[in-house]
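If you scroll down you'll find the structure; I have some questions about it.
To keep things simple, chains are lettered A, B and C as they appear, and every chain counts its residues starting from 1.
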Amino acid sequence: MKPLALAPMFASVVRRDLTLALRRRSDALTTFFFFVIVVSLFPLGISPEPSILRVIAPGVVWVAALLASMLALLRLFAPDFDDGTLEQLALGPQPLVLLVTAKVLAHWLVTGLPLVLIAPLLGLQFQLPASALGSMTLSLLLGTPCLSLIGAIGAALTLGVRGAGALLALLVLPLYIPVLIFGAAAVSASTEGMPAGGHLSVLGALLLLAIVFGPVASAAAVRIALG
Amino acid sequence: MALNWWKYAAPQTFYPLSGRLAPWFLALAAALAAAGLYIGLFVAPTDFQQGESYRIIFVHVPAAWMSMFMYVVMASWCAVGLALGTRLSFMMALALAPTGAMFTFIALWSGSLWGKPTWGTWWVWDARLTSELILLFLYIGFMALHAAIDDVRRADRAAALLALVGVVNVPIIYFSVKWWNTLHQGASVSLTRAPSMAATMLVGMLIMALAAWMYAIAASLYRVRSIILEREAHADWVRQMPEASV
Amino acid sequence: MLDAASLECVRGQRRLFHRLSFNLPPGHVLWVLGPNGSGKTSLIRMLCGLLRPDAGEVRWKGEQVRASSDSFHADLLYLGHAPAVKGDLTSLENVRFGLAQTGLGADAHEAEAALSEFGLAGRERLLARFLSAGQQRRVGLSRLALGRSKPLWILDEPFTALDSQAVELVQSHLTRHVMGGGTVVLASHHDIGFVGTPVQRLQLGA
């Protein structure tokens, strides 16, 4: 038996969470289908006319992504909190910030990445031009990790709390707004034939901020929840 | 003469101090509000663009300023509490929240009242009003999180962390919303572009802002007193008070 | 090596204990007893650094046990109330991942040996949710067989839901650890049955 270095520890947590997600596929699939269904509701509720669809598509896909991400967050820390494994993570010799980052990464791979991959298809349903599809994919690729990183803070703060779902929405959705604004704007810009580079750069900057500060805040929130 | 401020960090010593100070702040608030409203309603000239309805800014703008200021103060107390572990800091933050939320609500409501006669609609998605709405959510989130956690100490710390995350995000949210607003500049003029300020108008707004500030301090002091009583109910000094009746 | 000074615990409006102090040198056991609700778990969590004491401090090797003290955590093996076993992982995976998170990498053989020692031979590749409650606890406890390198063991009610054979097994591991110079803190209703090792008793609650 040998003591583990940081990188293998990080990989071990990612592997563990991915294994768990694979064994309990319903969680990931629920998020995925929720996303698809919510997006499909909007044409039904508004109008199937192509010109209108093209206008609402960026916002619709992005809001659905926000909601799906938020639902999925409920399973980020709560199972580990309930069965005592989160305590073990907090008591390990490796920094909790690192382990939280590993958990968020695994979580995004399972709940965020599928949204990125299916979004172009949904974009086609909304009559988006090809250039906009590219922006949509890219914006979600940059934005959904942001959502996971920011949302993790809320997920940790609401551990073990009654009505965590609704409370999580209240806490986290306002913080999602900048990502929503720039993500949707990127797609809208492309739809109108304008460059989306600026918006995507801002998204990239937000992602960087989220990577640097998100896990720190989440780890602090986990410790508060455990104590 | 050096004052030992630290001794007021204990709820037991802060309680009587706040009891003596609060009425003064309330009186100041009333006096300033009277002066400010007098200026706002009678002294300040009629705006040549908006007529008399613009006078709502004497309530709207100070309320908006206070809502933002109070969030920062609340977050500062949260930071102090997390860093130093002083219980009173958390109580102070908790006491500030409802008043801050109230000012946010007043800002939104007065903004809406301003919009109707001026632009014909009850709500405009301009940058300032939208940001105020989001700020309201942040206040409510803080109070809801605190209320949802049973263990008071954990609730204090969790809500404090949330407030810090919020205060860091507020500039980001504000600039995002402002940028979003310029993008969709179909809706005419911003609701918050106040009429070109006559000096009296500015003075009126500042006095009202001061009045709001004094009121906020008074309300928070009263509120923190009842929080102290609630939390320290088991302590001897509380049980001996006339207020603690059972 | 593990020292507590004037610890205080307030839960709700009740003060569970105050001015609680002890010194625990290596090779000693601290046995925490008390009725339900007397603060045993709170004390255990304070000693681990999970819970902040309302007053007082805990020190390990002279340094304060703060929530993010990496060196303290490197020395600690903690088994809490919950077995810390994931139902969707096999016993083997539970042991290996569990150890990895305490900073130790165990290969399959070592993990299988530990599981077999705790009576789970043949169940290594079974998903933990198909095990009984007692078996799941034993999966969690099998970390004791592999945690010898950690000087400080803190356990909260380790004997819950165990049959007499498993109880003896745990007792022998604990005794061996203490004889080897390790330090053990445990909260237990059960008579810990240590023979020949110095045991400090800490009685909580009135």
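Some points to look at:
The working rule: contacts are C-beta pairs under 8 Å (C-beta built on N, C-alpha and C of every residue); 3 or more make two chains touch, one makes a residue touch a chain.
Worth saying up front: this structure is predicted, and the values here are computed from it rather than measured.
Taking the mean of each chain's C-alpha atoms, the chain closest to the overall C-alpha centroid is A. The chain with its Cα centre farthest from the Cα centre of chain A is C. Chain geometry summary: the mean Cα position of chain A and that of chain B are 32 Å apart.
Between chain B and chain C the centroid-to-centroid distance comes to 48 Å (mean Cα coordinates, whole Å). Centroids of chain A and chain C (each the mean of its C-alpha atoms) stand 36 Å apart.
In chain B, there is no position where the chain touches two or more neighbouring chains simultaneously. For chain C, the set of residues that touch two or more other chains comprises 52. Of all residues in chain A, those that touch two or more other chains are 227. For chain A in complex with chain C, the residues that touch the partner chain are 1-4, 8-9, 12-13, 16, 19-20, 23-24, 79, 82-85, 87-96, 99, 223, 226-227.
Only residues 153, 157-158, 161-163, 167, 170-171, 173-175, 177-178, 181-182, 185, 206, 209, 213, 217, 220-221, 224-225, 227 of chain A touch chain B when the two sit together in their complex. Per the touch definition, chain C reaches chain A in the complex via residues 45, 48-52, 67-68, 70-71, 73-74, 76, 78, 80-89, 93, 97-107, 110, 127, 146, 149. Those residues of chain B that touch chain A in the complex are listed here as 134, 137-138, 140-141, 144-145, 148-149, 154, 157-158, 161-162, 164-166, 168-169, 172-173, 176-177, 179-180, 183.
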